[in-house]
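Consider the two complexes below, in which chain A is the common component and chain B and chain C are the respective partners.
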Partner chain A sequence: MSQRRLGMAAAVAALYALPWVLDTVRLRMAIEILYFGLFAVSFNLLFGYAGLLSFGHAATFGVGGYTLGLVLRHVEGASVPLALLAAAAAGGLAGLVIGFFCVRLRGTYFALLTLAFSQFLFAVALKWREVTRGDDGLSVSVPDLALPGGLVLRLGQAPHFYWLALTVVLLALGAAWRFTRTPLGNAVVLMRENDERAAFLGYNVFGTKLIVFTFAAVLAAVAGALFAAFQRLISPSALDLPMSTEVVFMAILGGTGAFLGPFLGAAVYMLIQNWLSEATEHWPFFIGLLFVLMILYAHQGLTGLLGRQGPLRRRWTARRLPAEEPA
Partner chain B sequence: MTAALEVRDIHHDFGGLVVLQGVDLAVREGERHAIIGPNGAGKSTLFNIITGRLRPRRGHVLYRGRDITGAAPHRVARQGIGRSFQIINIFPRLTVFQNVRSAVVSRRGRRLDAWSLLDRDAEITRETEMVLELLGLADRRDTPASALSYGEQRELEIALTVAVQPDLVLLDEPTAGLNAEDTRRAVALIRRVTEGKTLVMVEHDMDVVFTLADRISVIHYGRVLASGPPDAIRTSEEVRRAYLGRKAGAAGR
Partner chain C sequence: MFPLPVYATQALHGLVNGMLLFLVSSGLTLVFGMMGILNIAHAAFYMLGAYLAYTTVQVTGHFWLSLAVAPVVVGLLGAAVERWLLRRTHAFGHAYELLLTFGLFFMIQEAVRWIWGNYPLQVPVPAELAGSVPFAGGRYPAYRLFILGVSAVICLGMALVLLRTRIGIIIRSAVSDAEMVSALGVNTPLVSLGVFSAGSALAAVAGVIAAPFLQADPAMGAGILTDAFVVIVIGGFGSLLGALLASLMIGQLQSFGILWFPQLALVFQFMLMAGVLILRPQGLFGEKG
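Right, the complex of A and B next:
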């Protein structure tokens, strides 16, 4: 146990040390992986844990982004942490309202209604020009962040922004990880496995699904806020369908059966996309092809392939230790 | 004394197909009550109405004098009413332990606990293991529920039902599809785990019914044809004509 903690501490320290190792281009990629990773993990709380396939998860991502943008723009002296908290709160509120209508539905109808809500918010962001600047998007100016002890994070610089993003994402992931291991987190898994049986054991199906929907919305909003702060721009595309479907792909690519699977998926997706888009302008074609192949042959994702029970690992151990197979 | 469960004048239909037409039933505290009747008589529908899965067109369900008609399933469950299902209804991809533990968490009212770590909760683990022990599932603790044999899944179904420690247990055909050996085991199990509780069960196997029940109600064409102690039911000419036929004679040997 303590060895595991030591390993975790070492990993975290290594992550904080990345700015000394990576150049600015790669560090910017790492920042993108951080918030898309959080976005994908939040999506998977719904999909992998609660069994709710949302096609509108960008809705709360975008709400978080716009909230941060608006707070930094209009609230005198607002700091980035305050704007992040406001984004989380707005995302939670949006999640509560959207979830209230969606979580009564199942399967396809749930997916369609989440899609409808995200498209509705997309239309609002596009048309409510006075507030959102419509198609042009809202430019976001990010103030420096004064830390206790006289330190100042200059968030315009990639390393400083990276440290902020890493801290926020680690806290959010820690909260989500803890959540999955609590009795309430277990109740969420019952929703996926057999919500009817759970009801007859005394679980409030609607309430449990609404809680996880709202929680996932909060995390997605935090991810969206980091996205907006880093891009220095939030536009309707953050709420649009590609954003909702990309996160589905990230989660499935990495594997929905493991907590960090979607995070891995986001990382691999970003790297592949980056590499492919340099090699060919037809990169979406190859991403799509990869998605098709994953769904057909490896829908348990990378973590499913590499995990202890995964086919790759199993084949490997079977070859190495034939004596242990019968047991 | 008020009945543990009272069903008053329940009517129900499925789009024109009348299933229940005025069912009255009273189950006393501590009684083992069997509901029998031919297929399609409306037994499962009645169970679904009692446990909140269906809202009746007319009539009332009272639990310990309190009207629970049309209450949501989780509210009914929290009153202390546990049910099993005719078609196995478990959490297939969770282990036996995780299945039962989920019921134990609910019984302890810890459903909304978003802070403590479930795996480290010694009390919940101990109580779960006790239930597994009682049900004879301890050696299957870490087996995924879907990998259990059919008979074991039936036992898990009952384990989930009783792990919430209900005062009223409703079992819907608990021995359906079991062979003679497994049925004997199931009967012993049901007897053991419903000790001191009120039991209502739907059952087709007349041997099981006449061994377990202190009282039997016969449902026929959506009505209660007769209700009484096993001997009275066995000898009732009306019941014999409508349903039992030679089966009761065989059971009565």
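Right, the complex of A and C next:
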């Protein structure tokens, strides 16, 4: 175990050292992988753990982004951590409201209702021009961040932003990892397997799923806030269907049976997309083809291909999902 | 606020749009009711229908021929998807079937852009229907009335097949208990294949009919997708009658919504859906989800 800790510490240190190794273009890619990875992991808390396929996960991603943008724009002297906290809170609130209506439903019903909520928010962002600036999007100016000890993170520079994003994402992933190991996190897996049985055993199915939904929303909002801060722009497209579906691609690609599978999927997806979009303007066709092939031949994703049998709580290796059972 | 004929025209407009929406969602509902699969590729089949109409008109000069070509091509495509892709995914559960059709949606949509280009293509209104007819003191394009008529005929035809024929009985009973039906000696995989193929063909018909009205547009698939989803949520999953009512409601809502609250035009259907779900979570005619 201590060896494992040591290994993790070394890995984290290596991640913090990346800006000295990568050039700016690759470092920017790494930042994008960080927040999309967090986004994909939060999606998988719903899909992999709770068995809830969300088609509107961009809703809270966008809420986080807009909250960060609005706080930085309108609150005098707001710092980035404050704006990130506000984004997390707003995401949690949105998750609570949306989840209240959605988590009662299962399967396709759940997928459609989450989609509808995200489309609703998309329409609001598009039409409420006084606040969101509609189609043009809200430009976000990110102030420098003063750290204790006189250090200043100049967030306009890629390495500095990378360190901020890495810290936030590691904290969020740590929280999510802890969450999956709580009794509540286990109860969620039980409900995915059989929520009637869970209810008979005295679990509060609705409340538990609502908590998970809200927690996933908080994480997605943090990811969205990082996205907005990095892009320096948040527009309705952050709430739109392609954003919701991209995260599904990432999670499936990496594997939904392992905690960090979706993170791996996000990284691979970004690299593939980057490479494909240079090779052909019709890259969505090949992404779709890859997705179809993955589902037909490797629906466990990359971690499923690599992984052995083991508990879902594992970080990297996947176990077989209950969806395996013939429906 | 507006003179009376404006209301009459808007109402007719809403009716035409509503029936077109029903034509798209009916196939979706049929497949969902029968197989439990929400076929996202349905929206891509609809789009493909419109583009096939464009090509048929370009090559042969006959619009009416495309009403035969598009459903056959897309119906065969649908059959292939069911037989070779969906059936293999079935064991992984409905979530993965949904995701598979989603990947197909992406592929077909991009393939259409690849083949026909990433811009709208005009499909001319057939000469027989190019004119307009007097309506409410003004004139109304004849082709839109044709959309209304075709949709109504298909709607009636579906009702007749489902309620009055042997195939309809088998389909309806397979919806409620597929295992029992197959125990009675019915080849249910074949029925699934047929229903999926027919649903796809219906999408293509809707696309053909829509083409002279809305053009063949690379964004039309994604555009109809959320509307059709809203329709089946409001109507109740798998209920054709519900889909009909919901389509008509959304048609009117959008038609009059644009008249009175143009800035909210995008969100009406979602507000209606939220309202229905709060009062009646299973939709208007749905069974408990």
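Observations on the model:
In this text, the second predicted complex is superposed on the first by the 308 of 327 C-alpha atoms of A that agree within 3 Å, B and C clash if a C-alpha of one lies under 4 Å from a C-alpha of the other, contacts with A are read in each partner's own complex, and residues count from 1 in each chain.
By our rule, a residue touches a chain if its C-beta (ideal position, glycine included) is under 8 Å from a C-beta of that chain, and two chains touch if they have at least 3 such contacts.
Just so it is clear, the structure is predicted and the values come from calculations on it, not from any experiment.
Judged by the touch definition given at the top, the superposed model places A:L53 against chain C, while chain B stays out of reach. Using the contact criterion defined above for the overlaid structures, shared-chain residue A:F120 touches chain C, although it does not reach chain B. Once the two complexes are overlaid on the shared chain, A:I272 sits clear of chain B and of chain C alike.
In the overlay built on the shared chain, the residue A:A187 is in contact with chain B alone; chain C does not reach it.
With both complexes superposed, C is the one of chain B and chain C in contact with more chain A residues. Touch criterion not met for A:L93: it reaches neither chain B nor chain C. In the superposed model, A:F179 makes contact with chain B only, not with chain C.
In the superposition on chain A, no chain A position is in contact with chain B in one complex as well as with chain C in the other.
Across the interface of their complex, chain A is touched by residues 51, 72-74, 77-78, 82-83, 85, 89-94, 98, 101-103, 105-107, 110-119, 121, 124, 160, 164 of chain B. Partner chain C is touched in their complex by these residues of chain A: 47, 51, 53, 101, 104-109, 111-113, 115-117, 119-120, 123-124, 126-127, 241, 245, 248, 252, 282, 284-285, 287-289, 291-292, 295-296, 299, 323-327. Within the complex formed with chain B, the chain A residues making contact are 178-179, 181-187, 189-190, 193-194, 196-205, 208, 211.
Contacts from chain C toward chain A in the complex involve residues 32, 36, 38, 85, 88-96, 98-100, 102-107, 109-111, 113-114, 222, 225-226, 229-230, 232-233, 237, 263-264, 266-267, 270-271, 273-274, 277-278, 281, 289.
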